[in-house]
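Presented below are the structures under discussion, each in the form of structure tokens.
Below are two complexes that have chain A in common, paired first with chain B and then with chain C.
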Partner chain A sequence: MKFSISRDALLKPLNLVAGVVERRQTLPILSNVLMVLEGDQLSLTGTDLEVELVGRVALPSPVSAPGEVTVPARKLVDICKSLPEGSEIQFTVEDGKVTVRSGRSRFTLSTLPAREFPAVEEGVGTHRFTVKQGQLRRLIDRTAFAMAQQDVRYYLNGMLLELKGGRLRVVATDGHRLAMCTLPSPVPVDEDTQVILPRKGVLELSRLLLEEDQDIAMVLGSNHLRATTDGFTFTSKLVDGKFPDYERVLPRAADKIVLGSRLELRQAFTRTAILSNEKYRGVRLKVAPDVIEIVANNPEQEQAEEQVSVDYQGDSVEIGFNVSYLLDVLGVLSGEQVKLSLSDPNSSALLEESEDGDSLYVVMPMRL
Partner chain B sequence: MNLQGLPQVSVPLPWQAQAWAHLQEQISRQQLPHALLFAGPAGVGKERLALALARYLLCYQPVAGHNCGECRACRYSQSGSHGDFRWLQPEGSSKVIRIEQVREAVAFVYRTAGFGARKVVVLTPAERMSNSAANALLKGLEEPSEDTHLILVAQRLQGMPATVRSRCQLVKLPLPPGDQCIPWLQQVTGDEASATELLELAGGVPLQAEQLYNDGGAEPLREQRKLLGDLARGKVNVPLVAARLGQQDLAQTLRDIALFLHVYLCRQEQAGLRRARPLFQLLDRMQALQVAIAAGSNPNPQLALESVLISFADGFGVMRSGANMRSSSQEIAS
Partner chain C sequence: MLRKIVHIDMDAFFASVEQRDNPALRGRPIAVGGSAERGVVAAASYEARQFGVRSAMPSVTAKRRCPQLTFVKPRFDVYKSVSRQIRAIFDRYSSLVEPLSLDEAYLDVTEDRQGIGSAIRVASCIRRDILAETALTASAGISYNKFLAKVASDQNKPDGQFVVLPAEGAAFVAALPTRRFYGVGPRTAERMADLGIHTGADLRAQSLGFLQQHFGKSAMYLFRASRGEDDRPVRPDRVRKSVGGERTYAQDMTSSIELYAALEDIIDIVWQRIAQQGAQGRTLTLKMKYADFRQVTRAQSLPAPIVGREQFGELARAILAGLLPVPLGVRLLGLSLSGFETPTAQATQDIAEPAPAQYPLQF
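Moving on, here comes the complex of A and B:
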């Protein structure tokens, strides 16, 4: 096995693939990257047994001897990174050693047999569809913050991807707030399905979505989610569980509709948050016609008060919230206006950008 | 236990045949519990049984009651890189299984399988989980996702929280009788006489006998036995013995002394046992000391060893002062 490739063509996929490989690995082979040479294509595979990423690079000329080998990922990245830009790198595999040559540098790396590398088989997915990377990125960016972290309700430590009636929707919740985003354009699939992508898979997947207008082909199976772009194939295990019925959480009877400037509200919340209880982060919202008063106080008896003028007609209501949850939502929303729907101090609030937004956020109130 | 470069096929040990047949039957009837607890004294091959079971469960096409050794799953489990298999044991210099390891394993338990149908987690030694680690395990141990098996391996059942024990089906693996071990040990050593002698030296613990053979520890152990025998008969004094024994690891020395006492006490008759109270007390004390060392405390080796040896010498002094001193000292000599 012998080939040469330019440093810059190799570095980008190698960097992403090596990012999946965990630093602290008890198994030596998992800290390696699998290099497979076939025709004029070199593929690089990294895995942590939960998420697998394959990067593909085209070689300038087809090679005569195909082959496969695994080499230490971190060391290879460090070597390629520190070589000068625009240089050519030559790889030679001989007697269980990989020799990397470039200009007057020469490195010999140890290898492990490629057959021991646990690569996920070409799976049989049941649901296939293609979306733009930008669309998927928006779905993830808008909801990922609400995923739970190390919750005992293991099915919350991830993101629900739901195909239902030809539309793709993602939902994330930690039990206190819920974020939901629906793809506006229909997705041509016949059957409905639900999968939960684990937290780590969500974060890794979003790192791949760099080209807004390029397609990404998704395959959902019972055990895996696979996403394929031009240069990469991403495979993740799923969370084996049932996601709670999120439809039941969406407030239906909200009759108090408040419309306000997103930026003004966000700034007001940011300021009042300073004097909220550091642990519980509670703020009190006093909603009255045409104005919201935001009040926060902490155990040191310090108090912050803010008034924001809003568009609201109706009865006054007083309701408490964890200000971090509100700020998270206002941070991912875009647009001038934000719509806040309330019913009473014991019911969840619904936040959205306007009538025709694609995202919905539910935040539970706090008793203050 | 090192999980890399395993043999192609992992089989249970001969004396585990009965337990193995029972497990096989449970598997074939699809009634294998999701949480198993293998319990028994050190050196009976609990971990080997756990490994054999894990690889059997992961194998695509098990043959003749063990994993096939040919399929992809077996190849991965052979090199230790099977994605649906986790083996938890204290890492590095740590003496306990830490909570992060358990959390990672619980997350694994709730993931879908990546290679075959089943997932397996082995936790060994389960009594070395810290309290918080054991609590983090409970939920996953009670209700893992489907086709997931957790195998806990423990030496001291009482060292584990009852909440963990009660969630597992217990499989007891007692010390096998000698006649079941000797044919197996004979394959290792080559002839029956040395197998029998080794097994006796190892106090009837088969895997320890194997280890003695493999690392050449039999000769030093024989000398050590003789030294302890001399001390028991009052022929040598404590400082001399302490200096000789102090060269090796304290935990190991304590195990050897305990084994010597066990073998000795097993041969006593009623009259002898009556006088052996100090020796039993010494055993209790040593056990407490061993537990403390296993839990991470760090006694001064020389002081601990000398105090044990002084009690040892005193205890045998009481034995010798009994009525038939001659016969008991003969026993010691044997």
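Moving on, here comes the complex of A and C:
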């Protein structure tokens, strides 16, 4: 097996593929990337047995000696990265070693047999649809922050993808707050389904979505999700579990509707957060006609106070929140205005851009 | 100076408490524990033991061995309060008491707090007081170190005691089956038998190097114990940091179904230990060793101590779920509970203001 390729053509897919490879491995071969050479195409595969990513690069000319081999992913990335831009890299496989040459540099890397490289088994795809990469990216960007991390409720450590009545919706929650985003344009799928993509799968998938206007073809099965773009094939196992009924926690009785400048509120929260309790991050929102007062205290008895003019007519109410949860939402929203719907100090708050926005956020209050 | 150590062990503790409090159960084979399909025996009365019912045995097996077995729900609050009573008795006789669990303790009686004159008489007095104040029987072992005292307390059980004098120590140990060495469980005993080691004398015949090769870090302990030596002090301040257990499997497991099934057994075993210790911990750690001996551990902490086997099991299963699918066969699974509430931490919490509380989403 022998071929050469430009550093820059190799680096982009290699970087993404190596991103899937975990630093700490239980199986030595999992720290390797599989390189398969066929015709004029080089494909690179990285896996952690849960998420598998295949990147494809076209070589300038068909090669005479096809073949396959696995090499240490991290080291290969580091080598390619540190070679000068625009350089040409030559790969030769001989006697169980890979030699990487470029200019006057030469590296000999160990290999493991390609036939031992584990493939993520694939089930039968039951739902197929195609969306623009930019559309999927927006769904993920708007919600991924709310996924749980290493929660015992393992089904929260991921993102719900729901196909229902011809529309695609994603939902993420850590049990304290929830983020939901719905694709405005319909997705023609006959049958409804719900799958949970694990956290790592979500993060790796979003890294592939670089070309706004290019398609990404999605296949959902009972155990796997597969997404294919021009350059990549992404496969992830799904979380085997039932996602909570998110519709149940969407506030229905919120009668106190506050409209405010997203930017002003965000800045005010950022400043008050400095003097909130570092562990609990609690701030008090005192909502009164035309103004929200935000107050934070910490155990050192320091205090921050902010006042922000808002559009609100109604009874005054005081509600505590984890300021990080509010900042997360205000950070992903993009409109000029934000709409905050509240009811009482024990009930959830709803945040959105406006009535016809595609995203919706539920944040539970705190008792302070 | 030679020490005088007494090991006190209550006889079939949980079961005896139940028989004491409910005359209808006296003289009958009973098991404390759940009779449900997944339950295990936490303690068996002596009547039940005659049928081969043992603690840690699945309830289903126990029922098969002894069809007339009566299952009694454990009442840990009662066991704990009896445990406090017996500890108060220990304190009268020694200032160096190291409790091992609710029903077992080492006492260093070298000092002879009450001037009784002999460790044998001290043990008798303690057992007499326990019987008078709790209407329960205990057995005692008396010797010059912890290892021998513990083995001795088993010798004349129930309601008996046994002395191993310094001059008899070596001979006593030589005749001891390996299984009775503290820390040698059924599996280690089996491995020893494979190596031709059946008794203390066989063990004594081995070099330290040989023991290290086969038994790793317990080698030194075995080397000395087989000579009747054990210089571990009785430590009244010893605070248990964790309670746990693990199992190595004859065959590596790869499927989730196998792993979940194996985990259920460990949940039973470890929960029983936790219940026996009356331990209240917040952190559960799951340990998994792969076929290539690499080991991973995953821990999960709760805001409050784990209460009940249900919650314990659920948490354990959730942690396991996070490690599935396994990349390699699994040869060992273990669970341990830690993060015990210490009285001081509790006290400071009580004084402090109530902490802010994040409300959860009500799915």
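In the analysis below, the second predicted complex is superposed on the first by the 362 of 368 C-alpha atoms of A that agree within 3 Å, B and C clash if a C-alpha of one lies under 4 Å from a C-alpha of the other, contacts with A are read in each partner's own complex, and residues count from 1 in each chain.
As a working rule, contacts are C-beta pairs under 8 Å (C-beta built on N, C-alpha and C of every residue); 3 or more make two chains touch, one makes a residue touch a chain.
Predicted model, so just to flag it, every value in this text is computed and none were measured.
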Inset, instruction - Quick one: on chain A, after the overlay, do chain B and chain C clash, or do they fit? Just give me the call. - result: clash
Inset, instruction - Could you say whether A:238 touches chain B, chain C, both of them, or neither, answering first, second, both or neither? - result: first
Inset, instruction - Answer with first, second, both or neither: which of chain B and chain C does A:365 touch in the superposed model? - result: second
Legend entry - Touching partner for A:49 - first (chain B), second (chain C), both, neither: both
Inset, instruction - Would you sort A:117 into first (chain B), second (chain C), both or neither based on which partner it touches? - result: first
Inset, instruction - Report for A:224: first if it touches chain B alone, second if chain C alone, otherwise both or neither. - result: first
Inset, instruction - Figure out whether A:322 sits in contact with chain B (first) or chain C (second), or with both, or with neither. - result: second
Inset, instruction - Applying the touch criterion given at the start, work out whether A:129 contacts chain B, chain C, both or neither, answering first, second, both or neither. - result: neither
Inset, instruction - Check the residue A:277 against both partner chains and state whether it touches chain B (first), chain C (second), both, or neither. - result: second
Inset, instruction - Could you tell me if A:152 is touching chain B, chain C, both of them or neither one (first, second, both, neither)? - result: both
Inset, instruction - Of the listed stretches 26-34, 98-106, 170-178 or 350-358, mark the one in chain C with C-alpha atoms clashing against chain B. - result: 170-178
Inset, instruction - Under the contact definition given at the top, report the residues of chain A touching chain B in one complex and chain C in the other. - result: 26-27, 30, 49-50, 150, 152, 154, 157, 237, 241
Legend entry - Residues of chain A that touch chain C when the two form their complex: 25-27, 30, 49-50, 150, 152-154, 157, 173, 175-178, 237, 241, 244-246, 248-249, 277, 280, 282, 320, 322, 346, 348, 362, 364-368
Inset, instruction - Going by the contact rule at the top, pick out the chain C residues touching chain A in the complex. - result: 290, 292, 294, 296, 300, 315, 318-319, 321-322, 325-328, 355-363
Legend entry - Footprint of chain A on chain B - complex, ascending: 4, 72, 75-76, 79-83, 91, 103, 106-108, 110-115, 139, 145-146
Legend entry - Residue numbers on chain A that touch chain B, as the complex places them: 26-30, 47, 49-50, 113, 115-118, 120-121, 150, 152, 154-155, 157, 198, 222-224, 237-241
